[in-house]
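Comments concern the structure below.
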Amino acid sequence: MAGSTFGTLFRITTWGESHGPALGVVVDGCPAGIPLTTDYIQAFLDRRKPGQSKFTTARRESDTVEILSGVFEGYTTGTPISLVVRNNDQRSHDYSNIKDCYRPGHADYTFDKKYGLRDYRGGGRTSGRETIGRVAGGAVASRILECLRIKLTTYTKAIGPVSIPSDAYDYSVINENRLYMPNSEYAQQAAAYLEQCISDQDSSGGLIECIIEGMPAGVGEPVFDKLDASLAKAVMSIGAVKGVEIGDGFSVTSSKGSINNDSFISENGQVLKQTNHSGGILGGISDGSSIILRAAIKPTPSISQPQKTVNTAGENIEIAISGRHDPVIVPRAVVVVESMAAITLTDLLMQNMTSRIEYLKNIYL
Amino acid sequence: MAGSTFGTLFRITTWGESHGPALGVVVDGCPAGIPLTTDYIQAFLDRRKPGQSKFTTARRESDTVEILSGVFEGYTTGTPISLVVRNNDQRSHDYSNIKDCYRPGHADYTFDKKYGLRDYRGGGRTSGRETIGRVAGGAVASRILECLRIKLTTYTKAIGPVSIPSDAYDYSVINENRLYMPNSEYAQQAAAYLEQCISDQDSSGGLIECIIEGMPAGVGEPVFDKLDASLAKAVMSIGAVKGVEIGDGFSVTSSKGSINNDSFISENGQVLKQTNHSGGILGGISDGSSIILRAAIKPTPSISQPQKTVNTAGENIEIAISGRHDPVIVPRAVVVVESMAAITLTDLLMQNMTSRIEYLKNIYL
Amino acid sequence: MAGSTFGTLFRITTWGESHGPALGVVVDGCPAGIPLTTDYIQAFLDRRKPGQSKFTTARRESDTVEILSGVFEGYTTGTPISLVVRNNDQRSHDYSNIKDCYRPGHADYTFDKKYGLRDYRGGGRTSGRETIGRVAGGAVASRILECLRIKLTTYTKAIGPVSIPSDAYDYSVINENRLYMPNSEYAQQAAAYLEQCISDQDSSGGLIECIIEGMPAGVGEPVFDKLDASLAKAVMSIGAVKGVEIGDGFSVTSSKGSINNDSFISENGQVLKQTNHSGGILGGISDGSSIILRAAIKPTPSISQPQKTVNTAGENIEIAISGRHDPVIVPRAVVVVESMAAITLTDLLMQNMTSRIEYLKNIYL
Amino acid sequence: MAGSTFGTLFRITTWGESHGPALGVVVDGCPAGIPLTTDYIQAFLDRRKPGQSKFTTARRESDTVEILSGVFEGYTTGTPISLVVRNNDQRSHDYSNIKDCYRPGHADYTFDKKYGLRDYRGGGRTSGRETIGRVAGGAVASRILECLRIKLTTYTKAIGPVSIPSDAYDYSVINENRLYMPNSEYAQQAAAYLEQCISDQDSSGGLIECIIEGMPAGVGEPVFDKLDASLAKAVMSIGAVKGVEIGDGFSVTSSKGSINNDSFISENGQVLKQTNHSGGILGGISDGSSIILRAAIKPTPSISQPQKTVNTAGENIEIAISGRHDPVIVPRAVVVVESMAAITLTDLLMQNMTSRIEYLKNIYL
């Protein structure tokens, strides 16, 4: 299993290399009857497109998506949706130093050990461009979630030491700054920090947060395909992610039961929770409150200062990675995290449809 | 998909409720020719058995495993291995308050929303006893890893505020204290902290760390079935886990590329890394250095102090959970984390066997 | 993948050997809220139980099923249902000739080539007793189909040269003869033919037919998980099956479009078909008419007359298989075919629930 | 699960509609290091291309394949291989009668019942053009099988009443006649029969046979993912197939054990079989002899003579399907059957690599 498929009922299969002719995704299991346009998907892809600011690579790509199947007269037909994005900027580069050496923090070495060879042009399949398929697929999932009135809000919570406290969030400004941060002042501080990184020939890590509202209670499959477990895999599968947490996350290690337990309360016939330390998931199943998910993103491994490494001949060398690279992965990864979350939610919403015999009777009798 | 199966080539299917007749696991995909005994599996189960100290539930269970299939004359045959543990301590309890109300921090409410009914006796399938199947399956996986000279060391890194720094580890004492901590003094401090929790009618969270040595480079399937992504799902699927991280984990958010990148170095013809911030995984594939994994465990939700909640009739009530419960889940969860890691590694080692045409030729020509 | 799991949403995992302690199945993905008793499942197992007539093996087994999980207060809970049947008749046999040689028509040789060793006692996992898990799982599926008013009728259409024409069927007598044939006179002829086989130390093949009524139109997943494709795999996976056909089956090879096409007709607002050459499936999707499925069963390979073969040392030898064996597999396989069909239908009915966005809205909005 | 993916370790995901912009396949799990060219794949596609004779549709398509990923410098890289074929002949047709009515023998009705809408242009996803993805994927699988010295020979055994006896086979002429029959005289008779069908405005069924040589013993996963079961699903999933059989197939129903059992014999240290009634598979596992597989193909449902049917408004109507259609599906389906068999064999060869602990040790120690 080469692992290019994600999901059980709603499943995406992605393909493509950084400097091959194209990248894409096949979305299988999308229900019939959903209005879907190229524009809708393009809007998601535009959120991860390069060249939007000085903090992203200079590579020129329009990343224009084409729908090759599965949509007819504006509606999904239930058959697989094939989405393709052509690579335009395949200028003949000099890859000699990537070809023959192992860049620190990259997967060059591990790909060689696994496959015995690799497409070294721009990282091949390990390039961040691999996420194009995820985002295009995530757009389709998001369209389904929209139909079910489920809403995802995703943003940069922290870049390097600049971290926005939860009580300073202003969601309305997320799309007004290139770092996708929910606070304009913090966004300015983060930008200043990144400027410094660039001048230091260095890069920065950061933190992405995703809030899901409107998720019905009862979704997630015990015991292995829990909602949180599935989200963890979905998000950890994104190249630069080194940690995933739900709700209070790692801070639970020093918490107490009396604090961490969320009391239930009944209001106007509805069961609610007084707090949300659980992050919307209990026993791996959505509990009806907002789902809170965070992903830790490592600093961009491509930095232009010289680094020690080994070449394919096994010699110790020094490498300087040329070209302009994103000093931080986080802003462009925001939509990738959201996409993977959307795909996971959609898949588990579908799986939950067979949890009660009444649901089968509803459809078939 | 009720989600009771984990793994693709090496796969476990677990079943059983806290107060049903038995719990168990079917291990499918175990290679033929491995020596396997009941004693070997029992040793894993004993690590999670209740009643070992004052910090674990008083429930009396020998948790004796029986092999019902798949082993013949002391060797695995390649057919499914069915392992069963009978529940002994099914004393007739008074479940009336669990039956009719939703315990905070538990999955009572979400199970009711999902299935419309639930086995309320001792939590049914949401009980920690569900992990018996994981551990029995993990023992089989560990036996395979042993054959391949891969070693897992798992322990309690922190309980509440008591956290052992990495430079204070002494692996030799892990099994000498009931908290499975790699430092005897910290273990005493943690014990004192837990005593206080008990007298406060409260509970504590904690942190588990797992180190994997001897893992060959090249294992993990890009792009969705990455080694870290698969580990994240495996570990997050354990009931009380709220966060998972690899290598430097969440600390990468404030790190820089120049620090976080591990330089490769060639020594005696071997490619090594000078540091291991990556935690043994690059691009989702093992890089030959030690794999480092951490799981954040929430405080035991069952606490005896009164809590506000809602009953099934939708009324606001107060609940006091009777009986003696583990004030901390961590020590008994150590072997569960190790088991899930072992299963994941085994599965991905198998999946990697088809990554090169030479491997197929080796076996078939 | 050792292949012991069948199904995607409704899935069974079977385990057990002929002379091990027990055999069983874990049924995962059964919806909550279905009344299910041991008696219901036992009735299915009794249809394949040995010792019912002179045409079945003399092995004494009550094949009593025990429910170990997944059912609470008489209803399924949505969690995995573990069903176990203990082997009683494990008398110490002399297996020396099976142990060291390859019985013609059996899987002794292929198991040795695959695994390097095998549990030779009574065929181990290749024994017909392996089907106990299928039938117990099939009983659960059948219970679900009953809730949806879908009915399966399965019977012996032919034994050796004795084949019942479709216009001579009398379903009411199927359970009145030990061969499960829908015509008493043909059943007598078949019995006489089998008597002759026994006295000739030989065995007979036969044909099983399964008719499914009440199946709603629209079930089956294009293009690979078609209803007919899934049924073909389900039924061909039964040990002795060498061919599967749907509707007119192999006779279509010499038919014409003008004959083979079923005309649609509208009657009282319902779309019906004037004929049913398609056997209820068009384009891999149920068309609302009866599904017709047939399976070709090979003669029992265990015959007592001497046969040439090879031993594990690679020497040419002659073998005579002692003990009394079923002279025909067909009657006991009837319920196995029905079980595999029931499991397949249930799984695909579930998969179809996500085919339209309206179905999701029905449940979630 | 929309069912557009086939295989576990070697897996294809196909997509595309008859009159959409393109059709294609993503092949995931192909090992690295295999020489693969566009020409190699094109040769397979050319075997199913329309317009080759008067017995195939007049639609003009070059069916030119493009490799979009997964191949670098002439070798597979282990990453997903995306293959695309553009539709050229998308002339604006008048689909009004297909749009509003249900063609007998086609999936128009069942698609409408399943999805609530359908892409009616040329049958959409139910068109025979769907098999382009299968054949392109099958070419990749065949390239792997070549590396392992496994050979498939596939041909038309019968068209209508014209059936070639096995002792009249001449494989050297298979590609010399447009019907892909292994006997030139029978091919002429079949051609004459088809001429008559055309003049009768009718169509014919037929039989395809596939022989696999060089398959090592031991491949196939008991009990559900048997080699024969997996082949049955693979082949039955092809649109027009109504029956699948292995070895003696349906003729076993009237056979006897003494005839049907294949005696083993030892020759020069090799275990062989004296006969091959089993068709190369025992207990669902390859036995080292040739695998024999047959598929029954129904007559082309599109015939130009008037047929009774129902329109989408529920009215009884008469339909005459215009345009020239293949009077027989068989010749163009030969390479489709071979492709599906090749994919199945490749997948199960891979799955078998974990059947023994020695195989793991071979690769990892």
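Descriptive notes on the structure:
Should a chain be cited, it is by its letter among A, B, C and D, assigned in written order, with residues numbered from 1 in that chain.
Quick note on the criterion: contacts are C-beta pairs under 8 Å (C-beta built on N, C-alpha and C of every residue); 3 or more make two chains touch, one makes a residue touch a chain.
All values derive from a computational prediction rather than experimental measurement.
Centroid distances from subunit C, each centroid being the mean of CA atoms, peak for A.
Where subunit A touches subunit B, over half of the residue numbers in use are shared by the two copies, so each contributes mostly the same positions. Subunit A and subunit B have Cα centroids lying 26 Å from one another.
We define each chain's centre as the mean of its Cα atoms; on that basis subunit B and subunit C are separated by 38 Å. Among the residues of subunit A, those touching two or more other chains are numbered 1-5, 8-9, 14, 29, 32-33, 78-79, 114-116, 125, 216, 222, 351, 355-356, 358. Because contacts link each chain to all the remaining chains, their graph is best described as complete. Across the interface of their complex, subunit A is touched by residues 1-6, 8-9, 14, 102, 104-107, 109-111, 113-116, 125-126, 130, 158, 160-161, 163, 197, 200-207, 217-226, 228-237, 239, 241-250, 252-266, 269, 271, 274, 278-279, 282-288, 296-303, 305, 307-310, 314-316, 351-352, 355-356, 358 of subunit B. Subunit C contributes residues 1-5, 8-9, 11, 13-17, 20-24, 26, 28-30, 32-33, 66, 68-70, 72, 75, 77-82, 84, 114-119, 121, 124-125 to its touches with subunit B in the complex. The residues of subunit A lying in touch with subunit C in their complex are 8-10, 29, 31-34, 76, 78-79, 144, 147-149, 216, 222, 349-351, 353-365.
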